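In the two assemblies presented below, chain A is common to both, partnered first by chain B and then by chain C.
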Partner chain A sequence: MTEGKTRNERKITARDMARRDLKVLDPIGPDELFPLPPPYDKAEEQPGWKELSEKAKANAVCTLDGIATTKLPSPRTPEEEKKYVDQFLEGLKKLLSRENNWEFLQPLTLSLEYCVGCQTCADACHVFMATDRRKEIYRPTYRSDVFRKLVKKYVKPGGQLLAPFTGADVELNWDTITRLYELAYRCHLCRRCAQTCPMGVDNGLIAHEIRKLFSQELGWAPRELHEKGTVLQLEVGSSTGMNPMVLKDNVEFIDEDMQDVTGFSADSPFDKEGAELLLIHNAGEILAWPENPGAFAIILNAAGMDWTLSSHEVGYDGVNYGLFYDDVQLARVAMTHVQIAKKLGVKKIVMGECGHQHKAMMAVADRILGSDAIPRESALTLLEEIVFSGKIEFDPSKNDFPVTLHDPCNIVRNLGIVEPQRRILRYLCPQYREMTPHGVHNYCCGGGSGFAVMSPFNFTDWRINVGSRVKFKQILDAFADQPGPEVKKYLCAPCSNCKGQLRDLLQYYGALERSGITYGGLVELIVNAMVDIKEPFIHWEIR
Partner chain B sequence: MFASALLLLSYVLLGIFLLAFVIRSVRLARLPVHLRWELAPVPHEKGKSHYGGSYLEEVNWWTRPRHKDHAAEAIYMLKEIVFLKALFEHNRKLWRLSFPFHFGLYLLVVAGGLVVIGGLASVVGVEMAGWGVLEGGLRLLAGVGYALGMLGALGLLFVRLTDDGMRNSTAPVTYINLLVLLAMFVTGLWTVLAVAGFTGHVMGFAGGLLRASVPTDLPGMVVAHLVFALLFLAYLPFTQMMHFVAKYFTYHKVRWDDEPVTAGSKLDLELKKLLNQPVTWAGPHVRADGKKTWVDIATDLERPQEDEE
Partner chain C sequence: MEIVTLGGKQIEIDEDGFIQDPDAWDNAVAADLAKTEGVDDLTDDHWKIVNYLREYYLEFSMAPMIRKLCKQTGYSLKEIYDLFPSGPAKGACKVAGLPKPTGCV
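The block that comes next holds the complex of A and B.
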């Protein structure tokens, strides 16, 4: 066996996915990434990449690029391998059937059959860009082509016969399916590629469907998204593991703390029947960024809103990782959210600052929940209404520091909620500036599609160095007029998963110390600008 | 004998084209409605589409009337079809080759349409006023169409062979399709230039198809080119070149389909049927048995039961 050769030595093609003579198909390392601007341009000053131990290598399949996301089974015999390959093939057929995949059959079929290989998408993908457009396996069409070729060869009538004509030259074996599994987790599903495709082909959707096949047929999915994600959420109430009792304790503590700091009432009502709105946070906020739910409580109370939180299992965690890998789990979580809201008799469900919760509840699950489901709306629109209602007095000079906005893909590109958050920032932040590009053309933070919560094996190195590279450069460019640490700057990211990723990114590079950049949500800036708060609400730290 | 054979062959090839075209289009149209997967910007969002906004930006959006700008959607699509807007904006280098290629095809489609109208006019006995001008115009239209198509096809072949990314994702059949098109453009241009009265011959052939009697005096080059063009037409619905139909669905039925479910709507009824289909996924957490429906599966939480109060 040989190690996979690096760039310029050979060009990786789709058929290489099946190669068994390569331990690693196309290894990734820091030397293959475009250089960051100063002071982050010296590779020797950056944290090194984690070297996997032999034990870890034995547990993970690192044959794609040397990175692993999931502990996969370890078949010991060719027969065992064949069993998994057969399961994959069975799943492939189900994915293309009306009965098992009506949810996405039409867009999937269109994306599989009508890509013309024009490579317009290649210039839109931040992962491919991170490698200076050199890493073939990260080219958005590479994954899709491999999958397309498998469909053509093994599912379409006469596929084997027509293979030389259709170019379906990928063999199906254990290495192919495990590499394809990992490759489905090198795409953030941000859909920037789809936005530029002249044909309307969606490589992000294909990655999503590959993940779904593995989960719904073979039971393969990253532990953080499945066992510690949707399964834990449905069993205990939250993917954080927080049960209703712990939740109430935490929120009570946050409320008291916020009241002390701001002098405003931060009481969060629980299970108030018939309330106007049920606010569902990403439960990660309560544990990792308590100032966010605290700020929400201050704003909603100050504006006199009739609102409630739920203490019912699942009802206090808007997370829905099913969106990223499994339609069944997506439906189970979304239906539970709506049932809880119905039981409370609220008039609407408001999504907290969580991007994928927005997309799951407001769009993707809409056609599962039924026509009698409680309506769902974004907190960003509600906050805009409150800020401009005159119910709260603001002093924008309190936010007189450089602020830029990260657009969460799931709220902006995927739902078209673009302006409410901007109108707030333009009003409350005198030094607000946009990133380039921004709005619906933004770049993913690098934590999209669940990556922000995934840190197994050496995956953190990949998601920070590769996944977030373009975003980090964008952030630095947005503050390029005042690059030094002496000027404190705020990166506003109204999405929990984005915040998780940006926290890891800024910590990794020491961006607070070296560039004065911290991050946080939108509500924190709103509260910070309130005339009557006692102390500054923004803290120049990274946590 | 030859004219009859040509007539029969033409009918068969046109029949294959029509049948395959309809079947493939209907197959796409009849795929089940899917979960929402819209992508901003959505051009029918009145007053918001220029920055990518949607109706979800409104507080209590479900209580507000929706104002869809269908004209904006049509204009967007027209720009996309005629000028290849997305390619122009995101891949200018390729647009320089793809635009002449497609525009050449459009000119040929227009010329073909005029030929059919001319043929129809001759069948019903309508005298064509200004025939000389029309003939000259049609000849120019076809000539320019073939020339642009030829240049575009040559350029696309070149770029697919030389660009690493494109070469890697180009199947052999794509080269074949491009070569077939190139051959059609070259023979077409040659025929237009070499055969005097080209337009009249082609219009005569179209009229002959409509009255089931093609002229017997068609020059060999014209016959060869017409047969080649008809063969291409019959082949087209079996290829990826049907993307001009698929684009309707990728844009209108996926990217821009942001319709929420409302009680009693056609969408609501269709979804209820789909949700009641049995599921056979084998993943252990799915807990499907081939009988449980999608709804059964989605509501099967397997959580500890709450105590009865």
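The block that comes next holds the complex of A and C.
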């Protein structure tokens, strides 16, 4: 066994996924990434990457790039391995059949058949870019190519016989499926590749379908997304483990705390029947960023809105991790949200500052709900309406510090909500500046598709160093006119998942101390600009 | 899951190093968990945070809001990070023997 190839050896191709002579197909490390701008350019000043213990290595399957997201089974015999390979094959066939995959079969088939290999997507992918476009296994077409060849060889009639002529040269074995599983979790499903593809191929969808296959057929999914994610949410009421009693206690605490700070009413009504709008936050906001739900309450009350929160299980947690790995779990959560809203008799559901909640509820759920649909609105459009209604008095000079905006992929590229948040920022933040590129052409924060909540084994090193690399450079570039820590800057990210990732990123590099950058949502900036608040709402402290 | 020796006992930990059975926790286990977090000596300041987390967990079966932790113990978030470099969720909760906080936190 060898540790893996060196960079100068022959280029890795799809068929190498099956290689059993390599412990690790293509190891990733800090020396393969493009250098960051100063003061983050000195490798010796960066935190080192975590070395996995031998025991941890035995538990994790690190055979793709030396990184692991999930504890997978450890088959002891070739027969046990074959059992999993057979399950994979069964799942592969189901993905390609109408009765089992009616939701996504058409775009999947088109994506499998229409790629012309032009590599336009390779210039769009922030993961591939992080390695200076050198690491083949992170090329957006690499994963799709492996998958496409497996379909050609093992699903198409006569595929194995014809394989020498069709180029379907990927063998199916234990190493292929475990590497493919991990590879499906090296893509953030941000779909920047799909946006740029001249043929309309969606490599992000292919990664998503691979995840779904593993979840539904083999029961393999990251623990944070499944067992401690959707399962916990449906059982207890929230992926955070918060039950309705703890929720009410926490919200009451936030209401009092925020009222003390601002002098404004932050009372949050619960379960108000017939209210105009039901606001569903990502429950992580309540626990980790209480200023966000607090600011929402202040704004909605100050504008005289008729609103409510739900204290019903699942009704107070907008997360829907099923979006990332399993349509069935997505449907269960989405249906529960709608049932709760209908029972309360509210006119519409408003999504808090959570990107994947927007995508799951406002786009994907349309395929599930049919005639059960209820109007759903983004908080961003609602906030725009309120800010420009004249109901609240603002003093933009209170926000006179550099502000830039991170566009959550699921709200902006994937739903097209681009301008409402910008109109608010241009009005309320005199030093607002855009990142390059931005809007629908933004780059993912690095925490997309659930990564922000995943930190098992050594995965945090990957998601910060590789996943967030392009975003971190963009953030630093946006503030390059005043890079020093003496100028306090605000990175606005209206999405809980993005905030979790950006918190870990800024913390990892010490960017608050070294560059003066803090982060937070949109509502915090709105409240900070309100004329009559007692004291500043935003602080440059560790958050 | 991995079995490791903490506080002289064989204890199961998960992929993030959090103990799996909260009942297996005691002060000696906490001291060894702290070492995995780069904290060699648990001072009174550490214990104040650990004990608050522990008591909250025993009552509510989850970790408290970070802001509540700060307000109730009187430590700022920065001070908590100074005491537990991985922060309140991944550091302090681990030492207090809580399971890893879940959801978007």
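Basically, the second predicted complex is superposed on the first by the 543 of 543 C-alpha atoms of A that agree within 3 Å, B and C clash if a C-alpha of one lies under 4 Å from a C-alpha of the other, contacts with A are read in each partner's own complex, and residues count from 1 in each chain.
Here, contacts are C-beta pairs under 8 Å (C-beta built on N, C-alpha and C of every residue); 3 or more make two chains touch, one makes a residue touch a chain.
Nothing here was measured: the structure is a model prediction, and the numbers come from that model.
With chain A as the common reference for superposition, the partners chain B and chain C occupy compatible, non-clashing space. Within the superposed three-chain model, A:Leu172 lies out of touch with both chain B and chain C [touch as defined at top]. Of the two partner chains placed by superposition, only chain B is touched by A:Val412; chain C is not.
In the superposed model, chain B and chain C sit 160 degrees apart as seen from the Cα centre of chain A, a figure rounded to the nearest 10.
In the superposition on chain A, contact of A:Ala511 is made with neither chain B nor chain C.
Once the two complexes are laid over each other on the shared chain, residue contacts for A:Asp317 go to chain C alone; chain B is not touched. For chain A, the partner that touches more of its residues is B, with chain B and chain C as the two candidates. Contacts of A:Pro456 after superposition on the shared chain: chain C is touched, whereas chain B is not. Taking the two complexes aligned on chain A, the least Cα distance separating chain B from chain C is 18 Å.
Contacts from chain C toward chain A in the complex involve residues 1-2, 4, 14-16, 60-63, 65-68, 71, 76-78, 81, 87, 89-90, 100-105. Contact residues of chain A toward chain B in the complex are 11, 13-14, 87, 90-91, 94, 98-100, 102-107, 109-111, 113-120, 122-124, 136, 139, 141-142, 145, 164-168, 191, 194-202, 205, 215-219, 226, 231, 234-235, 313, 326-329, 331-332, 335-336, 348, 362-372, 375, 377-378, 381-382, 384-385, 412-420, 439-441.
Touching chain C in their complex are the following residues of chain A: 53, 55-56, 59-60, 71, 223-224, 228-229, 232-233, 238-242, 246, 250, 253-254, 257, 282-288, 290, 317, 319, 354, 452-453, 455-457, 496-497, 500, 507, 541-543. Note for the complex: chain B touches chain A at residues 28, 31-42, 45, 48, 51-62, 80, 84, 86-87, 89-91, 94, 98, 160, 163-166, 168-174, 176, 240, 242-243, 246-247, 249-251, 253-255, 258, 260-265, 267-268, 271, 274-275, 277-286, 294, 297-304.
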